[in-house]
Amino acid sequence: MTGPDGGQPAPFRRADFDVLRTITTRWEDEDVYGHVNNVVYYSFFDTAVNGHLIDATGTDIRRLDAVGLVAETQCEFLRELAFPDDVQAGLAVTRIGTSSIVYRIGLFQGQSPEPAAIGRFVHVYVDAATRVVTPIPEAVRAAVSPLLVEPDATTSGSA
Amino acid sequence: MTGPDGGQPAPFRRADFDVLRTITTRWEDEDVYGHVNNVVYYSFFDTAVNGHLIDATGTDIRRLDAVGLVAETQCEFLRELAFPDDVQAGLAVTRIGTSSIVYRIGLFQGQSPEPAAIGRFVHVYVDAATRVVTPIPEAVRAAVSPLLVEPDATTSGSA
Amino acid sequence: MTGPDGGQPAPFRRADFDVLRTITTRWEDEDVYGHVNNVVYYSFFDTAVNGHLIDATGTDIRRLDAVGLVAETQCEFLRELAFPDDVQAGLAVTRIGTSSIVYRIGLFQGQSPEPAAIGRFVHVYVDAATRVVTPIPEAVRAAVSPLLVEPDATTSGSA
Amino acid sequence: MTGPDGGQPAPFRRADFDVLRTITTRWEDEDVYGHVNNVVYYSFFDTAVNGHLIDATGTDIRRLDAVGLVAETQCEFLRELAFPDDVQAGLAVTRIGTSSIVYRIGLFQGQSPEPAAIGRFVHVYVDAATRVVTPIPEAVRAAVSPLLVEPDATTSGSA
């Protein structure tokens, strides 16, 4: 595995993630090539991040005054995923800015310690009504701070 | 709840289903009205039926000589479903024909014994290569026979 | 084609629909069997109905005081649909009640006058805030009235 | 707009794309925030690339001996997309290797020359049976060669 810059292999394995969330696969997830379609991996990212935020804050984050909109995502597809086995989504945070949070996500299936995919997911917080960029809500900041790890070479600045 | 014929309430509760399968919801499942979109319920049906068939037969049913194509589905939406709670899909079989199987599916969320939706799902078996209607594979027939219950008034004949 | 009651063939062809809306298919729509997955047909129904309502009312119906929630849907799958050809969704209305509208939808692909699927789609209007059943908004009623046709034998009462 | 490296604005506008493909949005595409969910943008990428390949080659690329699997994708979300307007997906190719093709995709809606999103989409060709990396089929290479543009700073090497 190489990063988007063609750099060093990124050694992210299942044990590197403190938070692992289980997501069930769906029949519909598989495409004509008999594996989970690439688009669906991003649904796993979206679900893991928002599900963790709801659980860790104890708050329905959709109803806060500031909501996280997705500014950038990226995924490297390393192994196929298949229905019907569950997927484990590992979550880490590589940057917490004033208004943005950068997540690293690893997807795993079966017993393998190696990821099927490694993703990057950037939330930027905006005012729910005006959609103007605004600071990360305190409840969210507190929830993600324990997930902060060293950034990797492919993680660069966002707002 | 009334059936498609506007008839009697159908008394299908969680305890009426011998098989219950857990499906995790996804952030993307919710639509602009803040609840799981109606289309997604059918993905739960599809996933519950095929997942059970794979588990109960111990076979990757997609690679059999005869595969089940969906001939008809129907759903009554009774209560809203929401992310991030899990959904339980209850499975029963109301008819086993020569080439077709009619399933009843109940979707449940939280502790409620009452369904959020009751669905009907009809598989017709066809030859995987020619797509000509063909008898139900023995492994599948054996897997679904224990789920057979009395049909309800809304379940009518299909091939 | 037989109705859900195993009755007479339903003679709904492309020319039977006054409104036809074009929907592009997506690569992801196809499943492991190499055809558009059954779940996606309901996304076509949802899109055709709501898209027509927005166009015909000239109003963003999502922001009205009363919104249409889906109470029941049903689909008979008659022919396969495939990517990348467009789908035409034909729309008719078989019943307009005080609070509910029943649509008949036909899906067509290529030059065939025969439908790939015939669906039933029931909207019940509720107060957007309280979700209590409420009369159909006048703008919506005016938009759907021209689509009213004779109900077929499979269309029965809903609220 | 800044690239993943936080660098210079990328000046990709509608007129910069020689190929523009129309994709209809779906009601289900919108999420709880009332805009097209981030995951769906990748379905637009997938659909634009594969649809163009099918049209430009005149071949059902899914049945070739070598098929393109997705190795990496990335998206910057710049403006919201909404139902029911159509999306235009602009296609360019920034690199053609022995076995891989890197696409740049711009998504546009309404009359704006500015993109709602800029994406990167990497196909790696594999033998359809063994999934071993293999050269790009000639028909595909011929189809994408006219789309080749100067790579941007964010496009780096892949196989």
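As written, the chains take the letters A, B, C and D, and residue 1 is the first residue of each chain.
What we mean here is this: a contact is a pair of C-beta atoms (placed from the backbone, for glycine too) under 8 Å apart; a residue touches a chain by one contact, two chains touch by 3 or more.
Bear in mind the structure is a predicted one, so any value in this text is a computation, not a measurement.
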### Query
Among the other chains, which touch subunit A and subunit C together?
B, D
### Task
Identify the chain pair with more contacting C-beta pairs: B-D or B-C.
B-C
### Query
Counting in whole Å, what is the centre-to-centre distance of subunit A and subunit B, each centre being its mean C-alpha position?
31
### Query
Counting in whole Å, what is the centre-to-centre distance of subunit B and subunit D, each centre being its mean C-alpha position?
36
### Message
Centroid of subunit B to centroid of subunit C, CA atoms only: how many Å?
### Response
21
### Query
For subunit D, what residues touch not just one other chain but two or more?
27-28, 32, 34, 37, 39-40, 43, 46, 62
#### Entry: Residues of subunit B touching subunit D in the complex
27-28, 30-32, 34, 37, 39-40
### Query
Once bound in the complex, which stretches of subunit A touch subunit B?
22-28, 34, 43-44, 46-47, 50-51, 54-55, 62, 83-84
### Residues of subunit B defined as touching subunit C within the complex
2, 4-6, 32-33, 37-40, 42-43, 46, 62, 67, 69-77, 154, 156-158
